[in-house]
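The following blocks contain the structures, represented as structure tokens.
Two complexes, one shared chain (chain A), two partners (chain B, chain C).
Take a look at the complex of A and B:
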């Protein structure tokens, strides 16, 4: 509900079907809108345009290949898909992960989180029509992709994690480069704040626009930054720590309603900005003491077999709680691989979120929900 | 229409070798075409280049640098690329009609475009108001162009343009009156004569009320003609292009050049009304006139005017590139509730100031 506008313009309803490909949509999906003047009175979301059959593909190939498939779950932050699959498989096969490998995994996760949040801000900037900052953000994200390339050889589909560790040790100078990038982004925060957080035009488009209530968050199962923006303190890294997050000292930003209403678009934006700062804090702590030792559990061999059974693991991806359920029958291929992706819950909430808002706010709201349609359609 | 002030046209055409004693309408048409071809079109190319280079600098990019030296020929390359695109077959007569109305309304202002003391075609007490008529017809053309598109982006774009134009025309008109209060006339020549070369003689710095009027005039012009950053009516992200979402190729280049021209003519008018018009230092004008070098004077005036115009335009582009785009309802709210009261305040203040000075 938009509190600055009257609820209805009392005109006949118009139907407008947007998509599956349209500039105001962050990803391929189809929205069937009922419009009352310029207000959205009803909305139906149709997805599945990016379905690639990832889960089925995992069943058709070896366990090792499943890692490569799971990093296509969300092309923007590939590491989270890999990580959650590895965690589930390691849990099932009781495979220890060396501490050094855990640190490398967390470094990659936090870098991916920063990069994912920068991409989120790019989409926000596009939605509000702010052109300059898009280039600033992409320039800084390039630096993080460079780091991925330095470590793994790839910028997007990393395919870097292995069951029981990672596929290679950190290269020379990698840690120094990560620190450099952190310092750079810390300095650039001022630019982001000037062009976004405190910018009058940006506040006009986002402050007090389309708040999401705690109730709706709970009802739709939203997690991650979107839930935290609405005041729900849920972070997998704190609640179900994995990969050594319990040893790290960091706080989880929660929405404060800085612009007047808790959980509005501006809160959802701000929470990501603050998470970038937290992620850099985590990175600094980690990089100070990267434990020495193996980067891969040597029990992981070419003929690695996952014992029969099932396991569930979850990680905090840049969009929210990412879960993975694996079932093994002891054979060479997974019997079932199932993902619980945060975007699905966000998509479910869209009809209720957008009811009663102006259609001019629609792109902004969709961008603020940070929809990763690739992981929802998978 | 042809008065003694317009002898400049005859002088130019004679200097270019055309026979004397041609009918007056031919002179007028020739003047319009040459203004368009020699002033407006090159300005459009230059501005699009400068805008892209400036934006690239602001955005940590390189900008056009392949076509010609430092990418200078990029506007020409873009134009030819758009011109050679094939047109769509199912183009309706309505869309043709409204695009023509849109274009004609725009370029009808060429007749009143003030480009120098010796290059003012229509110089009457009504000259200043003619662009408003064009802007309203322009909005009508744009709105109907959107409505005839048979698509939701077109409808919304059309309606939003109409809402914006209606909102913007009131404060623009009121703040325009302030300049007349100072100069005592709405003739372009009188408005220019009331100012001078130095910024301290410009209307904008004459008194605080003129300053307010200037700010209101610039902003309401952006609203009236839907120029970034207040271009919500034409290019909100939800309608993705709105009125122009169906246009491409030649029609798109026509539409986009029209939008540039709207921006350009508004900036020219702003410079003439508030920012010292084409006034050169008095001794330069006098000595050039005494020496009979009228063409040189006209050129210098034109260049000085265009320099200030480009400066103003680039300033607006700078603001537009850095800031977010406002929603249309926010724009109209702002125009009705903020700009309009300020324009009335400026008018009352400027009138009192003028009256006090007269006593």
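Take a look at the complex of A and C:
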């Protein structure tokens, strides 16, 4: 029993089981909580309710179908699953990606990052009970989904990348529309700041609430915005650059403890808001100079065979480090496709993070961790 | 940076543990193949030696190649003392459907807990603890970490090649 706050009620422990489906949970999972009055004294997390056998499915179908399956790794930000698989296969096949295709990939990745962070803000708004803001955020996110539809024909499962490039060139007016959306979100940032960052009610629920220490981040293997909010400057785009990120000028926001404690819920929120701004900077740089040329390496044909061997690639998804280990025996189907997803580490940190907090803070803390159960369960 | 430093250190601490050092795929990353039952001792050296300090387990992947299960630990140093390294070992199960045993690394790299659990459920690798595990390097509550839940009554290991065939 962990009595970390003086107002502990010292009642008998009660057990609450929340989930697998519950309004305060971001996705199917089950939490078994021990409560001492309003304080959480212990927590156990069960996952696996969304297990689809995704890695096994990749082994049973062709290499090209694996791209479509990896799309479903994280339905909110499908492009990252596709990208990491394509990068691994291209590394294995020594298949070069034309510069134009790389730029299109980065444009889609950054749009997906903004879309993912807006979804995160929707869940935060829901957790703190600010229902009105949800509609504002979804309205802006729709504009990004419109861009996906314009380019790929789909809003969520894009299935747009191919080994050696992308499946189609940018359509007329796409670049101008992306710039319009960037400008729109830039204007909206003031609105988000008013509604969230400087809002008294939001600060009350998030500032100095449940900080995550650097030590816990390292022990649990957390990456992405959650790790950066706690002061760990790890970004795959900088440390292991891919798809031309090394040529782009952008900074990696790191938690500053603006509300008094480093790595609290408010820091985890702010880091994403600042990342949206950085993503727009990246997009503006790219859109100024989209290189001309092919959008797909012409070596990639219908009878493309992935040579025997193995490779490991990683990308910075909106939730953190997403890795992919592929193994080929030279046959028509993958021998193994394994994903390393960031949410697994975030889930692992939950019991340590929520112990000693009030039950009313639980939905806010869960939302602040940005859990993508689909990618954890696979 | 001495490229053979890791191998020298491992060999000094656990004689005969290193079987082979190879390039990983077509990349420049090195993969160090070690004897499976010595994996925990090797892991401890890699993590605790101040010159190596490979303290971050990025990924744990299991692949079934012909009869063997190959387990790969993708390691990095957060202090930048070493470039990334892949530690590998292989075990051969008695039959295509029987479980195998390996020493656990979860007290050395706690972030490996969910990864080991997944390897156990999907590939039937039972990670065994030993008495010296009580002397964990990192404080962590191992009991409360999340669990997967395969459907009850499911027998076999779904990611094995011979599953359901």
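Annotations
As a convention for this text, the second predicted complex is superposed on the first by the 371 of 378 C-alpha atoms of A that agree within 3 Å, B and C clash if a C-alpha of one lies under 4 Å from a C-alpha of the other, contacts with A are read in each partner's own complex, and residues count from 1 in each chain.
Throughout what follows, contacts are C-beta pairs under 8 Å (C-beta built on N, C-alpha and C of every residue); 3 or more make two chains touch, one makes a residue touch a chain.
Since the structure is predicted, the reported quantities are computational estimates derived from the model, not experimental observations.
In the three-chain model built by superposing on chain A, chain B and chain C fit together without any clash. By the document's definition of touching, neither partner reaches A:27: not chain B, not chain C.
Contacts of A:91 after superposition on the shared chain: chain C is touched, whereas chain B is not. Once the two complexes are overlaid on the shared chain, A:40 sits clear of chain B and of chain C alike. For the combined model, the angle formed at the CA centre of chain A by lines to the CA centres of chain B and chain C equals 130 degrees after rounding to the nearest 10. In the superposition on chain A, contact of A:322 is made with neither chain B nor chain C. In the superposition on chain A, contact of A:126 is made with chain B only, not with chain C. In the superposed model, A:359 lies in contact with chain B only, and not with chain C. In the superposition on chain A, A:161 makes contact with neither chain B nor chain C.
After overlaying the two complexes on the shared chain, residue contacts for A:101 are found with neither chain B nor chain C.
Remark: least CA distance from chain B to chain C after fitting both complexes onto chain A is 20 Å. Against chain A, in their complex, chain B makes its touches with residues 55, 58-61, 152, 156, 229, 232, 235-241, 321-330.
The part of chain A that touches chain C in the complex is made up of residues 42-49, 51, 53, 55-56, 91-92, 94, 218-221, 309-312, 314, 321, 323, 325, 327, 335-336, 338, 340, 344-345, 347-348, 350-352, 377. Residues 5, 14, 16, 22-24, 35, 38, 126-132, 134-136, 139, 195, 199-202, 204-205, 358-364 of chain A are the ones touching chain B in the complex. Residues of chain C that touch chain A in their complex: 24-27, 29, 55-59, 61-65, 72, 74, 78, 86, 110-111, 113-115, 138-141, 144-150, 158-159.
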